[in-house]
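Two complexes come next, and they have one chain in common, chain A, joined by chain B in the first and chain C in the second.
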Partner chain A sequence: MRKGTRLRLALRDLGSGFAFASMAVSGQLPIWSLVLYGVALVVALAGRRPFSNRVKLTALLLLAVALTLGTNVLAGSLNLVVAACAFAGLISAQRLLSTPDATTDGQVHLSGLLMVAGGAALSGELVYGLFLIVFGVLASIALALGVVESAVPEGEPVPVRAVMGPLATGVGFAVVGAVAFFVLFPRLNWNMIGPSASPGLGVATAGFSNTVRLGGAGTIKGNPRIVLRATLSPDPEKDALDAYWLGRTYDVFDGQEWSSARTTSDGAGFMTTLRPGRENLVHQRVELMPAYGARTLVAMETPSRLGNAVTNTRQGSRRTQIEERGGGEVRFRDAGISYSYEAYSLPPGASGDDVQDLPPEEQDALLALPEGLDVRVAQTAARVLNGERDPLAAARKLSAWLQREYSYTLELSGDVPDPVADFLFQRKQGHCEHFATALTLMLRTQGMRARLATGFFGGERVTGGYVVRAGDAHAWTHVLVPGRGFITVDATPPAHRASQSPRLLEQLINFYEVVESQWRDVVLDYNFRDQLTVLRSLSRSHEVPKKDEPPGRAPPPRAFGAALLAAAAAYAAWRLLTRFLSRERPLEATRFADAVEAQLTSARITRGEGETLEALDARLARERHPLAPALAPVTRRYLEARFGGRPLLQGEATRLLADLRRAVLTQTQRGAREGTRPPQARAS
Partner chain B sequence: MNQPARALSPVPSLANARSAMERIATQLGRAVQGKSAQLQLVVTSLVAGGHVLLEDVPGVGKTTLAEALAKACGLSFARVQFTADLMPADVLGAQVFHAQTATFQFRPGPLFRQLVLADELNRAPPRTQSALLEAMAQGQVSLDGATHVLPAPFTVVATQNPVDFSGTYPLPDSQLDRFMVRMSLGHPTPEVEAGLLVTRDGTPPLDAVESVSGPEELASLRAFAAALRLDASVADYVVRLATATRSHGDLERGASTRAVLALGAAARANALWEARDFATPGDVRAVLVPCWAHRILLRSAVQGVSARDEAAHLLEEIARKVPAPR
Partner chain C sequence: MKSRLPSWWARVRSRLRPPRTLKVTRIGRTYLVVTFGVGLGALNTGNNLLYLLLGLLLSMVVVSGVLSERCLRYLSVRRVGADAAFAQEPFAFRWALSRGHGHAFALTLSETGSPLTGTGGVGYLPAGVEHVVRADLTAPQRGPVLLTGVRVTTTWPLGLFAKTRTFPLESTLLVYPRRTYACQDPGAPEQGPVGDAGNPRRNDGNGDLSGLRELAPGEDARRIHWMKSASAGKLLRVEREREERRTFMLTVADGLDAEALERRCEEVAALAHRLIEEGHEVGLDTPEERLRPAAGTAQERRLLRVLAWLGHARPRGDEEAA
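After this line comes the complex of A and B, so read on.
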């Protein structure tokens, strides 16, 4: 196989691989299709085409795959779009492994386009965009190389090196042109009403459930993905917030897991429009990111009002209803990819809901203890409290004791019969839920009302707002203080409250999230309105117009100036471009001649004005110059390559130049010897 | 010591072509000594399929050269002395009435030879000149409605005296254009002249010339040369040179398309000297002046030798200004 052909096939296969990857990043394709395609790609890249001789048999394989997928779709275990995408990928894989002729090439490229379209249907992420561009570039070059290859007669080498430059230029222009088209071509789509959303990097990780179960292995603390973005007003202007973001609370503990006394929703969704509130409230504009994976609204402690809820789906954004669930949880009624809303919270230390507002069964629940609670819990609590009866002071005393005596760990032993006793008396280490549960239960044994709260702790400043990561998920304790409401007491050691992920990973994720949010703003959500904004911002002045001037009907002179400038710039660019494209590129033989002439110049052979290498060679031969014998074959080869239609072979130019250089060196050394000889002769 | 007759096979290779050309040039050198560059040019023109115009004062070996060429190449030869009373029929031949058969029969003139020396061409009246020049262009003669093909390879070597113009009819430019090259031998160097005095002991110089080729070999040489590669850039170079002569301020008329074709053909033939199967800009430069100097018309009214030098000078200048492809 020719060298150019191998390169072209490798590019074709790689392009197809990227097209498949653009679907695969959505994480929705079945694993077995990923594996099948991956194996096919590796085999194809290794240059093996095992399906060449078994066309019909392998087509049957495809049929089997289609049947499998179809059954899955009928059974409801596979989305139709996902199944179609997977099938496109497997068609491509089958084609990759077939005889690489023109038809197969076309089919591979076509299936690549199908896969890219499938990728667009499955995800619209940043990675998808990257893969799309790489696919476009690789496939274009492979196609163009195919054209070049078919133009070269059989048996001759494909001039890969020669065509790569122009090809790369062409593809570069195509990419730039596509971007310009994207930015400027009017796009009328159904998303004009608002930004659409994309699911982001893989599957969501955080979440709220109706229960919190102690046990299992702790991994969530290590996850640096951003689940929440918030803009606060008044802006606290701190790099790191010490804020508790409350998601929901739990009041019933059965020895293993927490739940709420009132778990059922009253079914009434509501839609609240928030107006600017009282001055002492903290206003938050919150966006729940796709990585959040739940529908629960969170707000800084202590949430006062939530509203202006908007769900972002693939079809656009819309105002939606929220509903209140048990445990003070407020959630979106409809599922979306991401959500945004506004919230008002009471400043820290302000009074919240009072115990009198709670229904009796919930008041009772705040004191309930699980059956069979280890008696040592109550004994220990009494010993630590040592007669302290004020709930808040007691809670703080207990929490200080817990933080002092117990250590934090993410490694858990798994399910044990009594996790609280295990934590308090056996392992003496645990994570936030253990600390919070222990504090809550110890308070309850002493007759003080308390409950478990879950949400997030922290907040990191990023470009004017704050982000909260999945790893910031936290649990803490609410103590009911008569007359003041629920007060937050956190038993977890302060160092372990916020995200535990490595710093570098956090920064990488930060960077990725910034780029991704740019991608969403500038590419995915870029619509006709944005185009108008771009155009308007080009023509609109940034100065404040003078008030006494009546608004004129004609465009301001500035607009004409800008238009002229733009036209001039476009003209200049066009001129530069045409000059660049039409400039003469030195032929390989000409470059060789330049190199030869440079060597001759270094040998102090002067050339007449306009004297070509051919003429120079003839003159040196006439003058019987010592370099003439060395130069003659070089000149001859140059003339053959330039005018005789016999191009220089690979490495031939280097070899000829090396020969000439040796001759030049010998010549200069001889010249030097002869230069020093006359004085010696005189001396003798 | 005649060599055995050569196998007059078509020239199969570059090396054969070059050696054939060198053989001819060597034989010419035996007759005309010390003029190897001019002799090469004559052979080049012969191989390129062109006619040669020799401009020289009398007595420098023009006739000897033409005869030697005919002998070396094994071509039939005729010499026509052009005079003021020479009629076309004297050159082309005429219909002669045969009394016995009562019919007219064509009696071929001296033109029906493979190599014709037209001596002092400019002394003949224009009718006769044009009769010859038409035959040169067509390779055939039309007389009284009948066409008579001239023997191949029909080649004319014409001479004219560039100094003595009295009683001459200068060749029109359109007819000069039909000569592929114009050249002059010039006087030999003193050494060669002295050598001639010493060595020439009564034997005519032509006796030393041996026949080393034949019409078939010449024909195959011509076909071979015409098929040589002329790169697009070299062709472009030739055209650029022509354009430069056409727009030059000192020139009344620049090179014609026939001149362009002739230069290409001469450059191809010239490439054979280097055993190359392609022509280079160097080949073009080598034959540029002899090929074009008689085809361009100067604005200044100078004539004769000075006009010839002026034209050559202008062409050299143009060749310096028009960059060669590299």
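After this line comes the complex of A and C, so read on.
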């Protein structure tokens, strides 16, 4: 196998691999198809083609796979598009392992094309765009090498290096053309099938449940995946928001786990008002990512209204209803991969709730203690409070004491009979749920109403909005202060409230988030309105500048357009000029010969009657004339230009004549130094 | 006979003739179908990624057209020709290809407007170098083949489309009769008082001594080795190595129909080849021309040329590429 062929096959296989990866990033393909394709790719990259002599057998296997996929589709366990994509991947795998010939190559490339088209239908990930470009580049190079290789006679090497230059230019122009098409092609779609969402890779980790159990195993504090994106209005413009994002509250503790006293739903609607709004509400446009994995709406403390929810599923996006449940939890009615909605929250401070506003069962639950609670809990609370009866002051006093006396750890205790006592009197270390539970129960032992709240703490600023990570999941305490409502008191040490994931990893994910945000804005959400904006910005602006507004320093977009046109015109003029200067001039060789003859005459070398330049050159070489070495290349180029169909290039005549002139000058000076007459060629 | 078209019509036709012809390859057809499908999907779903993919696919089509056009520009072709072209068997044919500036890739050359089949290819053609492209062409039948132009095709860069440029280059290729096996005997060699062929001694051999044998009745008495005969008591004759060079005159009769003429030409060509290979002198007598007997490859070439032109109108200049 030729060197170029090996390279071409490797590029072909890698291109197919990236095409498959563009589907795989959606996280929807069956695991077994990922494994099969991965094995096939590795074997193909190792240069082995085990299916070469087993075409019929492997075709039967493919048929069996198709039947399996079809059965799954009919049974409803697999989406039709996903099944088609998986089958395209397996066809590609089968082709990768077959004998590499022109037909197989074409089938591998075309299955790759189908796979990237399938990837576009399955996912909108940023890496999809990356894989699409890499597939385009690799497949183009492999195709071009194949085209050249088919024209190169057997035994000759494939000119790989020569192919790369023009092809790179072509691919570059293709990418620019694709962008231009993307920007300008009108977005007038039929909308028979809406855009779909994909769960992406990885497992959803930040879910809410109906109960919170202390102890157990596992942690999400080190998980940097982004679960929530929010745009706030008014924008606080802070890098670290350090806000509490409330998911739901719990008011009943049975000694092991928290639950809600009320489990009934208030009915569904497109908008839910949790508590009456006041002035200065904070508006949030929230997007819950596939990594979130729950149906509970989250809003900044303290949520007032939630609604306008949209659920994104594999079949498309649609508006969905929401329903209020126990514990102030608001849930999406329909399950989806990701969600978006709007929320309004009260400005930081108290919630304004009155105990009488709560349902009766919740009022009672706020003071309920689990049976068999260790008596030391109440004794300790009383000792720490030392007679303090104001709920907020007491909560803050207990919170400060807990933060001072107890340490934070992510190492869980496991299942123990009394996790609160274990935390307070045995281990004396725990995580946010231990701190929040301890504070809540200690307050209740002293007759103060309190409940456990769960959600997220944090919010990092990324591209004008805020993101919350899975590791920001948090629990804290709501203390009911008469006349003010529930007030947040957090017993967890401040340094351990937010995500505990490595800083470098967080920065990398932030960078990815920035790029992905651009990708979303510029590519995924690009629509007809954006097109109109682009076109309007290219045309003359009709806006009348305000009197007080200082003139903008940046040039208007039309200036960029004009500059672009001027650059294109200059390029076209340059090309025309270059072509004009490099045109073939029939008499150029003759003029060149005349100039050579003039220089030879100045060196006192005369040509005999009918003696051609070629004959003169041969004669000088025979006579070992000093000018013969300088004249030889000039003569050769003259003959090539005059008779050989190789015209003189631009500037070549000047260079050759300059070399000859230099040689003549050197020869003349040498003759003058020696005081003799320069050698004179005989006229023959 | 062709009707002579008015010159203005020829000019109009030449103006209307596209400078390049484009043909979609097999993989290109599938590519276009997939592109169409992606376009439908994009229009249907409004999925921007499908629009992006569609833009990339369409851009590759445009880039493919531009790169292939750059490949076919600044090319010049010269027909080098063939050493000998025999009907119905591949023969080596050559073109010289050069380029003013820039590179060219994956060029395939063939003769346009002629019954010659076969192509030659060059993978990479740098600027300023004359590259001789060899092809194994096949002509279906004997006779002069009018070559009107050279067709240069490229599938560069992606193999989706085959773009062709035709260089008008007129010439004639003379295709000799098919080389076949001569079933018939060439007939008796010519006898007569002309050169060695007329000398009866030539039939008994006049080379080196190869042996002695008893004289048979009617044999030339001048071949008797008298001393050996005297010692042996019977007439022994000398055997010498014979010179096999004879003179044959092959003929193509007048009035043969087209098929019979073809068959006869092939037969005569085969006979001539065999006889000349054996060292004989071969001449040819046809209704149009008579070729004097001679030996050697040059004579064989002359015979083939006469046979190739047989039944065809020979131009005055007798120009040919081969």
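The rule we apply is simple: the second predicted complex is superposed on the first by the 421 of 684 C-alpha atoms of A that agree within 3 Å, B and C clash if a C-alpha of one lies under 4 Å from a C-alpha of the other, contacts with A are read in each partner's own complex, and residues count from 1 in each chain.
Note that in this section contacts are C-beta pairs under 8 Å (C-beta built on N, C-alpha and C of every residue); 3 or more make two chains touch, one makes a residue touch a chain.
Here the structure is a predicted model, which is why all the values come from computation and not from measurement.
In the superposed pair of complexes, A:613 makes contact with chain B only, with no contact to chain C.
Legend: residue contacts after superposition of the two complexes on their common chain; A:167 is shown touching chain C, with no touch to chain B. By the touch criterion defined above, A:121 reaches chain C but does not reach chain B. In the superposition on chain A, A:639 makes contact with chain B only, not with chain C. In the superposition on chain A, A:523 makes contact with chain C only, not with chain B. In the superposed model, A:144 makes contact with chain C only, not with chain B.
With both complexes placed on chain A, chain A has more residues touched by C than by the other of chain B and chain C. Look at A:511: by the touch rule set out above, it reaches neither chain B nor chain C.
When the two complexes are overlaid on their common chain A, residue A:181 makes contact with chain C while staying clear of chain B. Chain A uses residues 645 to touch chain B in one structure and chain C in the other.
On chain A, the positions that touch chain B within their shared complex are 590, 593, 609-610, 612-615, 618, 639-640, 642-645.
Chain contact summary for the complex, chain A toward chain C: residues 106, 109-110, 113-114, 116-117, 119-121, 124, 128-129, 132, 136, 140, 143-144, 146-153, 156, 158-159, 162-163, 165-167, 170-171, 173-182, 185, 187-195, 523-526, 582, 584, 645-647.
The residues of chain C lying in touch with chain A in their complex are 26-27, 30-31, 34, 37-38, 41-60, 62-64, 66-67, 70, 76, 98, 100-101, 103, 105-108, 121-124, 126, 128, 130, 155-159. Contacts from chain B toward chain A in the complex involve residues 229, 231, 233-234, 276-282, 285, 320, 323-326.
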